[in-house]
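First chain written, first letter: the chains are A, B, C, D, E and F, and each begins at residue 1.
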Amino acid sequence: MPEVVVYMLEGRTLEQKRGLIKDITAAVVKNAGAKPEAVTVSLVETAKTAKGKGGVLFSEMPAG
Amino acid sequence: MPEVVVYMLEGRTLEQKRGLIKDITAAVVKNAGAKPEAVTVSLVETAKTAKGKGGVLFSEMPAG
Amino acid sequence: MPEVVVYMLEGRTLEQKRGLIKDITAAVVKNAGAKPEAVTVSLVETAKTAKGKGGVLFSEMPAG
Amino acid sequence: MPEVVVYMLEGRTLEQKRGLIKDITAAVVKNAGAKPEAVTVSLVETAKTAKGKGGVLFSEMPAG
Amino acid sequence: MPEVVVYMLEGRTLEQKRGLIKDITAAVVKNAGAKPEAVTVSLVETAKTAKGKGGVLFSEMPAG
Amino acid sequence: MPEVVVYMLEGRTLEQKRGLIKDITAAVVKNAGAKPEAVTVSLVETAKTAKGKGGVLFSEMPAG
């Protein structure tokens, strides 16, 4: 603990995911006084056809 | 903000997902005083073999 | 099912919460083919000192 | 209600998932005074390349 | 890991919460092959004015 | 997007929360190619009587 869940679009590379896990964990350890081995981070990846912003699916949005 | 997460079975059509995102966003804008572009909705879709109700997997339940 | 979770700042009125629950449920029933009595909506309310955007706490942000 | 969400690595067998749903539901019914048919459990499965502990991806960790 | 999150109404006693944590953890250990000390369970408690079923707030529903 | 949710025990200071929001956001911007103003972080704080590890409530655990 803490447990971190990140809701994001699929499509990130392995390198990006490795960096997310590493740097988010470091942020939690630094600021919450947690031991690294107690921190878990889960990336919940969603297709662009299953996530939206402003009421519009990401799959039907101009890139940006 | 707000951020909405919907836990549901997989299998909905693109049209259904588009409608969910659009109408949930409208419900949040109308009732929470949020700007549309600040509202995100993520559909977390789960296989019928990974979700249950009443202690029974949806994959092993009579349809209904 | 589906189960909906809304992450939002605390401070909404009872009337706003009632409307959120009612209209989000209607959006799910209409678009996902769910029965109303199977849809749950949980509002997870967070203090302005426990939520941020752009790296800044809402409690330390100009209103907007 | 209650609604239970389990964040776990993918790779469990159908038998394991069936047991998780059944036994977690029983635990909720026994301790929270809920009716079985009101309890939902969703297993959110994440690839080993999208989850980490101690800042390290499970895909890059020695098994253990 | 796994990490379990339970979305429920507030109002359970300490004894009920202790039982939930204990029995859900046992269910995960038994079925997912996890070590007990790796399993976390968080109870996210919501007021009856912030949760609904069938489009109706629990605070405005007949008990049942 | 991405949206980050952190499940943690209550009791952190404002300074700790400010740091968590700031540094987690920076980790997401750096690794996921997101714009800062699109990243939200919610801290879902749970009482020690509503969270457990290894089947034991934090409120009934020796500090450590």
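One rule holds for everything that comes next: a contact is a pair of C-beta atoms (placed from the backbone, for glycine too) under 8 Å apart; a residue touches a chain by one contact, two chains touch by 3 or more.
Note that the structure is predicted; figures quoted are calculated from it, not measured.
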item: Starting at subunit B, fewest touch steps before arriving at subunit D; value: 1
item: Contact-richer chain pair [C-D vs B-C]; value: B-C
item: From subunit E, the most remote chain by mean C-alpha position; value: A
item: Centre-of-Cα separation between subunit D and subunit A, whole angstrom; value: 19
item: Centre-to-centre distance between subunit E and subunit A (centres being mean Cα positions), rounded to whole Å; value: 24
item: Multi-partner residues of subunit E (each touching 2 or more other chains); value: 1, 3, 5, 7, 17, 26, 40, 42, 44, 51, 53
item: Every chain pair in contact, whichever chains are involved; value: A-B, A-D, A-E, A-F, B-C, B-D, B-F, C-D, C-E, C-F, D-E, E-F
item: Contact set on subunit D toward subunit B in their complex; value: 3, 5, 14, 17-18, 21-22, 25-26, 29, 36-37, 39-45
item: Subunit A-facing residues of subunit F, complex; value: 1-9, 12, 16-17, 19-20, 23-24, 26-28, 30-33, 51, 53
item: Partner subunit B, residues of subunit F touching it in the complex; value: 1, 3, 40, 42
item: Contact footprint of subunit D on subunit B as seen in their complex; value: 7, 44, 46, 49-57, 59-60
